[in-house]
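Pasting a structure below so you can have a look.
Every chain is named by a letter (A, B, C and D) in the order it is written, and numbering of its residues begins at 1.
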Amino acid sequence: MDLIVTLQCQDQPGIVHAMTTAILDCLGNIIENQQFTDPTTNTFVMRTRFETGLSLHDVNTKLNSVLNKFKPNLSVRSVSEKKRVLVLVTTESHCLRDLLYLQDLGELPIEIPAVLSNHGDLKALVESHGIKFIDQSGLVKDAAEAQLRTLVGDLKIDLVVLARYMQILSPGFCGELSGKIINIHHSFLPGFKGAKPYHQAHARGVKIIGATAHFVTPELDEGPIIDQDVAHVTHAATPEELIATGRDIERRVLSRAVRDFAQDRIFIVGDKTVVFHN
Amino acid sequence: MDLIVTLQCQDQPGIVHAMTTAILDCLGNIIENQQFTDPTTNTFVMRTRFETGLSLHDVNTKLNSVLNKFKPNLSVRSVSEKKRVLVLVTTESHCLRDLLYLQDLGELPIEIPAVLSNHGDLKALVESHGIKFIDQSGLVKDAAEAQLRTLVGDLKIDLVVLARYMQILSPGFCGELSGKIINIHHSFLPGFKGAKPYHQAHARGVKIIGATAHFVTPELDEGPIIDQDVAHVTHAATPEELIATGRDIERRVLSRAVRDFAQDRIFIVGDKTVVFHN
Amino acid sequence: MDLIVTLQCQDQPGIVHAMTTAILDCLGNIIENQQFTDPTTNTFVMRTRFETGLSLHDVNTKLNSVLNKFKPNLSVRSVSEKKRVLVLVTTESHCLRDLLYLQDLGELPIEIPAVLSNHGDLKALVESHGIKFIDQSGLVKDAAEAQLRTLVGDLKIDLVVLARYMQILSPGFCGELSGKIINIHHSFLPGFKGAKPYHQAHARGVKIIGATAHFVTPELDEGPIIDQDVAHVTHAATPEELIATGRDIERRVLSRAVRDFAQDRIFIVGDKTVVFHN
Amino acid sequence: MDLIVTLQCQDQPGIVHAMTTAILDCLGNIIENQQFTDPTTNTFVMRTRFETGLSLHDVNTKLNSVLNKFKPNLSVRSVSEKKRVLVLVTTESHCLRDLLYLQDLGELPIEIPAVLSNHGDLKALVESHGIKFIDQSGLVKDAAEAQLRTLVGDLKIDLVVLARYMQILSPGFCGELSGKIINIHHSFLPGFKGAKPYHQAHARGVKIIGATAHFVTPELDEGPIIDQDVAHVTHAATPEELIATGRDIERRVLSRAVRDFAQDRIFIVGDKTVVFHN
């Protein structure tokens, strides 16, 4: 089996040694290994990919018996087991399309059992990919969120992706799914508040358009940042061209964040993320 | 002669035609020509580089006689005439060094008759380049600004560059030199207020570090943006490493902005700039 | 009407003046104007976008009467008139998908009357977009090219896009459609000859993966370059991951090149292109 | 003490476990740890930074006793111990200046005991930094290389940097210093052979200018690649402007490569490098 182990706990001597002892004990051959200690919170995180002849159950037992003393947040998963992703959209399709496209190519190890929307616009697109489309356009907000909560449980969802979903989720729901909701939003230098941010950016003459993928949290305006990118623009770009450029960055940054999540590369440490890129 | 003409006025029919008529009348051969109409303010800007056998004086006369009816902001300059730049610094040298380095290489068509500072730290560096160092470390703010104002006049300064100058200039002075002071500052997504911005950015786990070169204005926190750039960073970077990355972006962005100014490529239109890159 | 004029001819005094005279005569209001003189070939190129109340026919007549003396390659086109594009594919879909996606969003002013392939794999994808799929998988090369030639005429094709088309077109055909066939191919530093270039790049440990969009010519291995871009990679990327990164760059670079073509921004000057980005 | 251990050997089970056992035995606290197995050569490389109260000598003894069975290439070094670098230049100063600038800022943990040149041009620049300048302009090639070989020994040089050194070193010398000579050179897509590469790139209309830092080897035209980067250029850039852009990329890429070497981040594995960026 090809397995990925992730571990997060307070930093203390002996963790890596214990982990490698346990993997050696599984006759495991380490393929990738990354670790980091966050000095601010003294948190240790580690991601190890290894091959072993043992079953997932046996590996889990061995690792837990050796590592439990560190009180870790520990996960062992087969590389072939895909994360189950529920995508939430409104009317804009660019982020959804990129996820579907990369999934079709086999570059995104996720399954999308359903796409949910507060509008009906993207029904045909979603169904043309053989994916269930859940139309909440007639529902009031409380009923919509109740249905969403049920879906997350029934469909065994690992990750909710807000792919330009223009509806605010309640703090309660965000809290329940802490670390399991990823959002994408535009980012400018300087930042702009209020409506029509690309028009504001145009009025201000920015030379850069950006996007940020981040986890959604109940407490913060904007949760831990996962990935960011920008594109250069000039005075000649119209607001519509800035929006088009923004779409291109948004889809790329969101897809990268979802891929990193799907490959267990992201750790939330305090208000930040540790992302082990390959 | 190799000349650069810049023109800015309200947009109206016939400007380009009038300009090209005038240049043709100077037996001029156009090498570069760029123009833009800002739709928000209906402002027309144009930069034309051409070769002619006529003198600067004669070209000026001809162009003015043909173009005056558009009430333009018109400038004609020989490519070989260097802009005179006064650089203001405090203790950090990275931006100053890059300007000196590019000037040494002949890539920055500017003359730096003096560097002024509110600290003495960079005296030796400046003087080793044969440039006068004006040390204002003992002066109170009003006296310092009065001396600065005198210098700008006496040294026939075209541009004041704040190369990590950690002193605030008065609104009055900024107003007098409107469009003639360029500043560089760090930029983050999201933005941070207050002290130690790189430490805040580190605490927030940003994945991008940026810098913005802009004109200094009395009214705005941050005047028209000239250029911006970013670098990618990871969770592993310490605040000190973020600062080092920031330095690298700052010096590059500021040097590019100064070069664009030196080549008459920048126009201020409302709160924005038009920059004609080549 | 919103029109785009493009002009290419030997450089000589008075061209811009003549053009602006003619546009003024059409009561035209210039929105964009870019020009360049290539010093090597002394070729002058110009792209002007302007609004006028006159008809396309009348503008054409006026411009030709004024500009004919320069023996230009002159084109006048309405911005609303879309270029007709024939896309050629084999089995890889990433470039085709990006073109279809951008076209759906309205960001690519092209019409795709048909997609032609030497394989049947992408038939369902193409037809799901309501586009005719021409399957040449049973044809020998001569018959295939004959059919292609007929299609280009019958469908009034302005541009043939080789979107990972793994079949070599004859020099004769490339010559007939000179300047009307765009290809995308991977680019590495250093370059690699022969099969499996991404595996060679992996073996060589390159830190950058790139792609080049270029015109196809009969004489050269690789015709005039339109656009290029790269992505950074590390030692940890497998050949498959390099290929995935390559796909992402290829689709972006090809789509940008097709957009620039569709907006009349590209001029072929000798072995090079002039591309007027906005 | 703050130590960096690097290890390279054939991959086999138990290496990480043995290393972490040894570090735990040194009462070491791991700060950074990165490892990689190259699947082609089955080579394992590892870089670990840790703090310990033991002396360098004692750590060395412990690590060797535990790890010797893997027949590793093992190095233990104090972070505060700077690599000794001999810089070779000809007439171009941009790469040398960037190294000196970053060293001045404390961002490059190296010592430069001397700069050697086959020309006298950069003598004043080097000496103004208090560094010894060795002028070989009068020497024949054999004598020059003999002196260079002696210097490398006498000055205890860890790394020779060819900072635009326009003289070819003999295969013998390159072999003796295998893995200890870094060169920078321009890189284009496509590549160009022969003189005046920037002029060739200009003639070919490339849209990207790049640079590659690599180890110098006797066997290959171009040894293992350490780092690469590019900048976008347009048709409007003259050959001189391409050269200026190239200088900017060259100095950045070379400085990054030297920094990675100075921090023990680079491993040569077959024809490739593994570089552990932070």
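FYI, a contact is a pair of C-beta atoms (placed from the backbone, for glycine too) under 8 Å apart; a residue touches a chain by one contact, two chains touch by 3 or more.
Every value quoted in this text rests on a predicted model; they were computed, and no experiment measured them.
Asker: Specify the angle of rotation obtained when superposing subunit B on subunit C by their C-alpha atoms, rounded to a multiple of 5 degrees.
Answerer: 180
Asker: Counting C-beta pairs in contact, which comes out ahead: C-D or A-D?
Answerer: The comparison resolves to C-D.
Asker: Counting only Cα atoms for the centres, state how far subunit A is from subunit D in Å.
Answerer: About 37 Å separates the centre of subunit A from that of subunit D.
Asker: Please work out the Cα centroid separation of subunit C and subunit D, and write it as a whole number of Å.
Answerer: 41
Asker: Would you mind listing the residues of subunit B that make contact with two or more other chains?
Answerer: 32, 36, 234, 236, 277
Asker: Which of the residues in subunit B come into contact with subunit C in the complex?
Answerer: Subunit B reaches subunit C through residues 13-14, 16-17, 20-21, 23-24, 27-37.
Asker: Write out the stretch or stretches of subunit A touching subunit C in their complex.
Answerer: Within the complex, subunit A contacts subunit C at residues 32, 93-94, 97, 101, 104-105, 107, 128, 234, 236-237, 241, 244, 247-248, 252, 277-278.
Asker: Note which residues of subunit B are touching subunit A in the complex, please.
Answerer: Touch residues, subunit B against subunit A: 36, 38-40, 187-191, 203-208, 210, 212, 222, 224-230, 232, 234-236, 238, 269, 271-275, 277.
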